[in-house]
């Protein structure tokens, strides 16, 4: 009889993922067993508790890396070589979990819609039918959104930590599928919401087709699913190079699709606009973190050896992304769409930081690497964007959120606070100093420039100038245009949305003024283990 | 040599009128009642101080006294100290400025009695005196330049004194701007001095200018000449001077006849240590002077406006001075001498003209005068003194000074000398014409004009100036003035003139007599019409139009300039700004076009994705192959 | 038959699937084309697994099937709901969100 | 040893601005205005105290240096040298002046007087930061941050086209700033390669060798930003549009203070950090400066709108300043520094006095005026003095600096000076022609009954004019502060004054 070799799973190290998955499963059970009236409270509390617990364990695990040291331990490979619990991974976890907490708060907001969440009462009910009216009068809500969110978060946690192609693929699907559903669950403007869900789903599925095909080709090239062995194969240049190139290209398609890079960006504006704003906020912030985390690890660790071959491709994509995102945003008339294009432009800036890949031996210790720059930018951008979308939810008129820019005219008169905060966030996105947007831009540009990608940096700088225009345009609209008709109104949100806004704005400000500790931390822990 | 005694306080000369100006300007209407008295008092005080300083200077062994005040500008090796230099040349000017200035101040008390802006007038006059004194007392070209611009400002303010008259405002602006054209030369000269010699003080430049290359010195001389042309209304920057007569008549007398316009002469004489090294520049100076003296005389012949005739004559007389200055060491002293004499008789005549205008409701058209000698006897007699002086009637001061210039010119450069002689004849003609039209011939007064003699406060200065016009020549006794100035102007080697001096004088007198006689026959003997004849010779027409100086400027500078600025504005709007705005619009247009690609069809998005995949693959393959 | 044949077949299938996504209007059919792409991937995976003599590819193929199944669940739910609302399964009809 | 004086100096107005912003809405306008003025006067007093205690010399005084973002090499480092001190003084002098002059300009604006005065104070604090920063990163932060108050001041308070103008201003500035950002980052990238790690401290960068080609690229990045800021031809078009729409007070702060950042930056960063590149670029920059001088002057002559005209005169004047900087000799550099201060004063006076007039008549077009001197002699008089200072009349302070700059230019190249000098004629034309059309001639309809300046308005102008006159005759106090710093800059650039052929001290002593 063969001896049973039990797999070693470092349970504590991966506990954040396990906790989130557990809570998600529990949430499904709650949907089945807890009476409708109590589900909301139970789900919200459970999700928050689960996320907080995950945060706590992440912090503990993170501390074991001893990030205060000059050269922290690199982390370790866990779960039989499926996941890496290293600095970047843990940092992404922490960031995603915090963003998830904020997203839960946004999901749970009930003040704005008069006592119910902004998700459809009954997704199955047709818009405009008796069933829907009934659902609405009964105050029905889809509390499934919370478990869905938790599943997505679990996928997002796995995504940047996965060091086996198989795990990458699974993580990608786990994070994507709930999001497809969440997009279609808006209480108002159901048609748009469903259309967004369908587009996101079809395109997402299409792109994952490319992604897994890429996995297959890379596997064919290297004969292994593990990043480390792929990296060895790449540096040894064994196997057919055509397979490798095809694999890199197709995997890049899948990941670049997720981050919304041009020319894989078309879904972004439509989905951001159509999805419930809370979901958009969640997607915009967390998905970017997870996807860039994965992109970084895949390309830096697995394909790092032949970066001279794929870097020009990323150059092109980065340039296209920044230019198209900035230029297209110029003529947008819907605030969510505008923020979507802005997020595309920002994806371009992050890709610029991504270009900062250098061999470790040329990087002086403790200085800025591409990894730490990208992670820093992700942090700054995530908080800013989640707060911005949170603010979008409070500007409303009779038909729900007033996302048309025309309706935002004169917001500064109606609510100086909301307009002022939004203006601040816009300035941050434009990269004005004393906001996190500036330090973030600085970091990614510095990383890219250090690696010699100065043409991209110049394009980035010019694109930033173009981008500044549409941000300023919104500020002008809010403060210096006369309202059309009755003008926008601002509904006071509950403390849930309020705290999201507060956290986002505070992070934007603090990371702008005193980014030192975070960036130092990233400088120390921003190294992938191999 | 450093100053002591009163000379050490010679800065008071400048400070007093400056303080007067400040009090009058800042004090506002509160000072209306006594402002003119204060203004006059400060100048008289300056005159007294100047007189005492000059006496002290005359008694000194070394006739050059420096008063060092404070560091004005310093940076690197540029070290401009604010300081004064009291030497014979500045002493002569100080006395002229404060002396004639005092008289004109006193005269103005009466002349401006009924003007609501009298206080302002005196403030500007005081400002002028201060600036002019700084100009002549400064010990460096920078200090001179400060005063130079200061008098320009005062001149501007005073020409535009009656600012509600568009002509006055225009004339003031024109004067300032044309002066600035000259200043370009002066400033460049200063820069050239600094860059080549490391200093701009007179003594510094004097000490080292000899080391410069000939071309550089000539350039320096020509640049200074350009400055002098602007300030002194010399060709080609002469066009502002006739227009400047828009100012009140005492201003014309003081600034645009006696003092400020002669600053150019001062500049050249003061810079003699530069001109001594460059005969080319000297020649240029002399030629410019000659051209202008003829131009001025020509213009003087054609004008009917009494002040414009005098303005033309001023140009012409300054032309003589410039000519003299261009003759180098032979002429410097005579230039100053003529400048001094001219200051007396021209101020006299301008004030006389003012007195005439005072009695004729400020009419300036000589064709509206006639036979005023009976109505205004004092004015007539004093004016006649000035007249005799300017035409060079033997014994009067103009005779001595002009004669010297003609004589020197003839001996140095025959052509220029003959021109100067011709100018003297023309002077005789137009001044006689003026006298005849104004004081003789028949009455052609406007119906409501009742000519009357001016009050004492105006006539007394006239009398003083008339006396000076008669007796001023005395300073030439024993060549006193030449000797006095020689520490500055240098001593001319003795040269025998081509003809005996007496013969030249006689020829000059004859030429003038011909001019006078011509005037008598052409003007005095004929009926004078009240309106200017339309059909006139081309010479008269040219003279009336200031020899088309304005027309030339308009055609060559003003109109092209206007078109240029207009074109530049269009360029700025269209091309420069349009470039930026156009980029913005192009981006918006691009955005609008690209937007359409986001057509909402999921299948086209998928196509884009597929194309993207192809692009990515292509990029990888291309790089791999490359 | 060499390895290449398998791979080429898989590539052809993948291409057919991809082109199908582009040309078909019915959401269900589009989705089926995606499934076809995934299955071509499976073919590739098991081919390579055999070529390399490891099981990783085969395991991956199973996972891809699971993924495909999960996608079906989610996808059909979305397509159903949109069909119910619009009475049309054509992907071209859903284009409110654009520009 | 770290001194906290400068921190206090820049925090004082910023804190004041925040206090103003959070004052309850019912606070009376008078209280708001008086407290704002009090804060700015307090700042002025503090700055004067610092100026009196300033230890002259080539280095920095009141220095502070604290690590800020270690990984970036950024420090919170402040310090004043002569150049910075001059401009800080200019800032703190002009702020109360502007407040007094714009006493009621904020009343009708977007956020009322509270907003106006709060933004002005914020701008003051940030400007002080710009001039005192001795760390490139910190400088950049302040540099960009100043845009925000100005943007809101222009867009919130001003003429009909103010919003468009504000956006134009912001975009030009941001574009320049972003280009500069590339260079700022370049500094990091290059210094990070060294063994000492990245640094942004000017004192350390001055001895850093960037290499020829890198240094030149970085110079270009800085220069473009500063040229836009200054503004120089051909990136000047935002300025006339902005001043046309902004309130006079805003224009003063913009042109007199903020635009100085451009020329200040050229000295502090272009010259001191990239001496080789500066020398390399000198011919081009000098030509651009001369074009600016003449172009601005011609455009001013052709302007019918008074604020636009003043803006174009500033383009011309900034041309002089840049010329002075890039001829790189003592006269030019000291002159350029002094010019910055003097131009600040004279342009401020011109903007304010014309602003008083425009607010009375309700039109900024020269063609709508005529004969103002008759009805408002004090206004006309002060307008004239301001105008004369703008055309650099001797006896008024801008003359000294313009003379120095032109001397410097001449020493550098007689041709440069020969092309620049005609600007003195053009200046006379644009100022006096404007004066003629506005102030003289018969009193026009619409001007009749225009009240003369009141006590508040006169007293707001008085300090400016007094300074202009005093410094016109006695510029030594400023030069004494500027010269040592200029010598220091020159030694950084590795330039020394060419010796005149005849070496001889000023013999008139």
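A, B, C and D label the chains in the order they appear, each numbered from 1.
Here, contacts are C-beta pairs under 8 Å (C-beta built on N, C-alpha and C of every residue); 3 or more make two chains touch, one makes a residue touch a chain.
Every value quoted in this text rests on a predicted model; they were computed, and no experiment measured them.
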Centre-most chain, if every chain is reduced to its averaged C-alpha atoms: D
Geometric centre distance via CA averages, chain D-chain B, whole Å: 36
Distance from the mean Cα position of chain C to that of chain B, given in whole angstrom: 95
Approximate Å spacing (C-alpha centroids) for the pair chain A, chain D: 44
Intercentroid distance (Cα basis), chain C paired with chain A, Å: 25
Per-residue multi-chain contacts in chain A, two or more chains: 198-199, 202, 206, 210, 269-270, 469
Per-residue multi-chain contacts in chain B, two or more chains: 584, 595, 598, 600, 602, 606
Residues of chain C whose C-beta touches two or more other chains: 18, 21, 30, 91, 94-98
In contact (per the touch rule at the top): chain pairs: A-B, A-C, A-D, B-C, B-D
Sites on chain B touched by chain C in the complex: 595-596, 598-603, 606-607, 610
Residues on chain C engaged by chain B in the complex (per definition of touch): 18, 21-23, 25, 30, 91-92, 94-99
For the chain D and chain A complex, residues of the former touching the latter: 67-72, 110, 140-145, 147-148, 151-152, 155-156, 162-163, 166-167, 170-171, 174-175, 178-179, 181-182, 184-186, 188-189, 192-193, 197-198
Residue ranges of chain B touching chain D (in the complex, touch as defined): 25, 28, 66, 68, 70-83, 85, 139-140, 142, 145-150, 153, 156, 160, 163-166, 168-170, 172-173, 176-177, 180-181, 183-184, 187-188, 190-192, 194-199, 201-204, 207-208, 211-212, 561, 564-566, 568-569, 572, 576-577, 579-580, 584
Residue ranges of chain D in contact with chain B within the complex: 171-172, 233-234, 236-237, 241, 295, 298-299, 301-303, 329-331, 333-335, 371, 373-374, 378, 381, 388, 393-395, 399-400, 403-404, 406-407, 409-411, 414, 417-418, 421-422, 424-425, 428-429, 432-433, 435-436, 439-443, 473-476, 479, 483, 486, 497-509
